[in-house]
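Dropping the structures in below, format is structure tokens.
One chain, chain A, appears in both complexes that follow, with chain B as partner in the first and chain C in the second.
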Partner chain A sequence: MKAMTWSDRLWTALFVLLAGFALLLLVAPSLVVIAISFEPRAYISFPPSGFSLKWYQSLLQNRQLTDSIWVSLTISVYVALIGLVLGVPAAFAAVRGTFPGKASLNAFLLSPQMMPGMVIGIASLFFGAYFAFRASNAMLVAALSVFCLPFVIRITMARLAGLDPRLDEASANLGAGKLETFARVTLPQLGPALLAAGAFTFIEAFDNVTVALFTSDVRGRPLPVELYYLVQNDSTPAIAAISAIEIGLSFLVMLVVARTVGLERLGR
Partner chain B sequence: MPHIVMESIIKSYGDVRVLDGCSLSVEKGQVMTLLGPSGCGKTTLLRTLAGFVEPDAGRVLVGGIDITALPPNRRSVGYVFQNYALFPHLTVAENVAYGLKVRRRPGPEIKDRVARALDIVSLGPLGDRYPAQLSGGQQQRVAIARVLVLEPDVLLLDEPFNALDAKLRLSMQTELRKLIERLGITSIFVTHDQSEAMMLSDQVAVMRAGTFEQVAPPLAIYDRPANPFVATFIGRANILPVGLRAGAVVDFPAVVAERPDGPADLIVRPENLTLAAGRIDPGTGQSGPPGTVLFAIAQGPTIEYEVDAGFPEPLRVTVNRRSGEVPLAAGSPVSIGVIDPAACRVIERGTP
Partner chain C sequence: MTAAAISPGRRPGRLVRRMLHGGGFWPALPAVLFLIVFLVLPMLTLLAFGFVTIDRGRIVGDSFTLQPLWAALNDTLVWRLTWRSFYVAVISTVMTLLLAYPVAYLYSQTKGIWRTLMLVAVISPLLTSALVRAYAWLVILGGRRGIVNHTLIQLGVIDEPLRILNTDYAVIIGMTQIHLPFMILPLLAVLAERDRRLEEASFNLGASRAETFFKVVVPMSVPAIFAGLALVFAISYTNFIVPQLLGGGNYATLAVQVYEQTVVVLDWTRGAVLAAILLSSSFAFVFLIVWVGSRINRWSEARA
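Here is the complex of A and B:
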């Protein structure tokens, strides 16, 4: 390899510096939050004055909060499942189908992602009101499913487009019908992508505030909304503790995805 | 009655007519090769037989039964894809078992037949590998075993040797030919390699732009090419504009033609010509025009000459080389002779 000139070194150093700075900006807040959660005193300060797990304990005793975690988990599972059930066939039509208006349908299916969550939340609320539905967690599930559908569709489409259509023909040539080909050839190859799409949707549904704020139930609020109200009249490190738990949870899911599918799949 | 019959198949993509009335029949147990330049429609014709392509017009019959409207999964037509199309998420044994599983055969039978099929293609010990862990030649054999295990009536192979290096290709060609002969499956190969076609097939169908130029046994095509396209696609040939007088070619009086006097084209292969130094008859008794050597190159057993004999293009002549013989120098005057006048073809002037 050629020796690096001085200007090369300068640029490399600058690049590393910039990348480090960007990483710091992204990661530092999370680390600060985690640190604060161990503060023994009743107000937020950084660096923490000691180490204590009392705020984690207090969370466990807060029924409203533990209930909301359960609500959020349930909602996220529903949203992920609905996303997969609706998103995978849609992705199929978008990649494999040949019908007039295919391009416009694609744009339509992916459009919820271009819209702020708030708009979807308010729209769902008004739409529900028109039919005399009150805000409820069922409505939240529906609104979040619409909001998250593009994730599933995009991830599935990327994987589908990468599959060799010859494999379907080979399967047919060996005697398999369309359904059997889907079950034996397409689905197994799609599996990792579906896992990734499900995990992504789950995380998004779990920590979404903007849609949930408008459509969630008044009783049995999901976690992000509960937290939102909590910060308004509470400023103890309990907030930091719950955030730390959320950070840990997201990290865990990403770790599972990375281990089983590979993170680079998500980007495509 | 032929085993496979294709009747006037027509297929267009947009404005492009890819198959322009292809008719073909193959006898039971025979090997037919579709030979033609890239893009002439070979794959499309094969895919029509397998049912992946729906023809705009025409019929496909196998064993006397019209299968034109039958979906691919209901045809007993094994297809070996150009890139093999093995299932990447299944092992070799699972790939081969695929069709039997789809047919809901009992487990022990599947195991048995898969083992036998893998043995036939000498892949017995590799059943647990995944396709990505195999060489190109091994992948190809898996693809072949995967269709043979179903004992199809018809075997279709799209350029099956393309991805293999020259040495492996030769051995696979002979192996496959033996296998097909042993199993007696009616087969259609696609290739654009003429020596492969000569070697593998009972019949060769030479294709150009969606139609057949000639369908005949390989040697018949070589010896009696229907037109210049076929003559130059299979082997090499001189296409000479000549005149006819009294039923014979003016420049090569030994070559007779049952055509009216006037202009014509003569097809003559380089190895059917010979030459001698000087202006004498080169000893065949079939003298041709005098000429001048333009270029000569010795290739061990033969010498390739290019000779200016008054035709628009240099005449190509291949002569056997005796040990120690040195090619004639450029500029040497020579006489050209035809070895076997019966092997020459006289056709209408300007036939493409």
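Here is the complex of A and C:
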């Protein structure tokens, strides 16, 4: 390789500088939030003036917050389950299927990802109102399932496309029925992808505010909606504490994804 | 198309065979039905609500009207808000590209632990709620106590706190950071797996690194660049959380206005009309970006 010219050095320096700045920008907010969650005083300062866990303790005493965490956990479990139950077979048809109009089916299945969360939220709100349902967390589960379905389908499709269909054929040739083949040959190979898809959907549903603001129950609000109103009116370190917990949760999900399908997969 | 697969009366023999072969449409049926009920019908309701009179969630019979749409299109406020949504989205999208490309390129040039760490840095914000990150920016950019102002005052760079929060700057900074992973990931996938023989050939022919980068690497990633631009533009243009939290109470974009009309003011007709305008204009811009991208890609392939 040739020696670097002056302009090469300049470009390289600029690139490394920009990349470093971008990486700092990516991680700094989370680190700041974690740091200020340990603030002992009643207002935010950075670096924190000391170390205390009192804001974490205060969360436990805040009934409204603990209730909303529970609501969000329940909603996310439902959304992840619905996503898997609907999404995995759909991904099957989208990858293995041989029927006319397959491309349109795929486009339709992935179409929710073209919709901003807000539009899905408002549409669900109006749809529910039209049929005289009030905004409720059941409606939120339905709306979030629509919003998250493409994640499950894409992750499962990517894994399915990498499987060897001959294994299924071999199983069929050896006399196994369709369901048996699916349960004993295909599913074990899909396992990691399903875990990743479930974890990813769970965290998306747990974090979602754009859909939830429109369709969630007025009583029994999910955590992101509760937080949204809190952030608008207040800036106590308690918000930082709950945010730090959310960041920890996201790391857990990342670990699951990294161990199962690999982090690089998420980009595709 | 799919009708043949789902109506058993038509070609029973083929349907049964398909089901046995596992290549059929039917596994997707539950998802398709679910999307029809919970996406298509709600979207139709949303559109319909823009063109009728609504009273307590009920359509007043036979009241089709174009008046709300006409009123919105003649409202200079709507145009001003659309313009702000547009320029804020454009500036922050361009900034994400400028920051994302070096990260994706550097990622493709590194190995081992650094590579993993970079990936973690890119993905972890993606899994952290946008709300949490908007809150972080509130703390960082906030008034006198905000980290930026506090540090600058301590260092003696400024005497008075800078007014960043509640301006376009805060909104653009917040959006850029929050949407950065969406730009990095498509670039990263393409750059990490690219065929490096072309670059070697370019070096061997005497081109400098910079020349090789701009004439070989960048053209190769044009589809990924435009995929990222389209995605980030769409999510920036329709984001209402960041403008609301970092822009402050008096700051509005088209998306913020949609939120306020439907949730605060409860004027659902206007909310529906504005949501339809937001969605259709977003689609129009995205198609434009994709179209320009495919033109540039064809042009650069033709040159190669």
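The definition used in the following text is that the second predicted complex is superposed on the first by the 239 of 268 C-alpha atoms of A that agree within 3 Å, B and C clash if a C-alpha of one lies under 4 Å from a C-alpha of the other, contacts with A are read in each partner's own complex, and residues count from 1 in each chain.
One rule holds for everything that comes next: a residue touches a chain if its C-beta (ideal position, glycine included) is under 8 Å from a C-beta of that chain, and two chains touch if they have at least 3 such contacts.
Since the model is a prediction, treat every value here as computed from it, not as a measurement.
When chain A is checked against chain B and against chain C, the one touching more of its residues turns out to be C. Touch criterion met: A:Pro112 reaches chain C, while chain B stays clear of it. When the two structures are aligned on the shared chain, A:Leu73 is found in touch with neither chain B nor chain C.
In the superposition on chain A, contact is made by A:Arg166 with chain B only, not with chain C.
Contacts of A:Gly175 after superposition on the shared chain: chain B is touched, whereas chain C is not.
Look at A:Pro188: by the touch rule set out above, it reaches chain B but stays clear of chain C. When the two structures are aligned on the shared chain, A:Ala94 is found in touch with chain C, with no touch to chain B. Contact residues of chain A toward chain B in the complex are 164, 166-167, 169-177, 180, 184-185, 188-189.
Put simply, chain B touches chain A in their complex at residues 50-52, 71-75, 77-79, 81, 83, 85-89, 98-99, 101-103, 146-147, 150. For chain C in complex with chain A, the residues that touch the partner chain are 1-2, 4-5, 18-28, 30-32, 34-35, 38-39, 41-43, 45-46, 49, 57-59, 98-100, 102-103, 105-106, 118-140, 142, 145, 147, 150, 176-177, 180-181, 184-186, 188-189, 192, 203, 206, 208-210, 213, 234-235, 238-241, 244-245, 255, 258-259, 262-263, 268, 271-272, 275, 278-279, 282-283. Every residue of chain A that touches chain C in the complex is listed here, in rising order: 1-2, 4-5, 7-8, 11-12, 15-16, 18-19, 21-23, 25-30, 32-33, 36, 43-46, 82, 85-87, 89-90, 92-94, 96-101, 104-105, 108-109, 111-112, 114-116, 118-120, 122-127, 129-130, 132, 142-143, 145-146, 149, 153, 168, 178, 200, 203, 206-210, 213-214, 224, 227-228, 231-232, 235, 239-240, 243, 246-247, 250-251, 253-254, 257, 263-264, 266-268.
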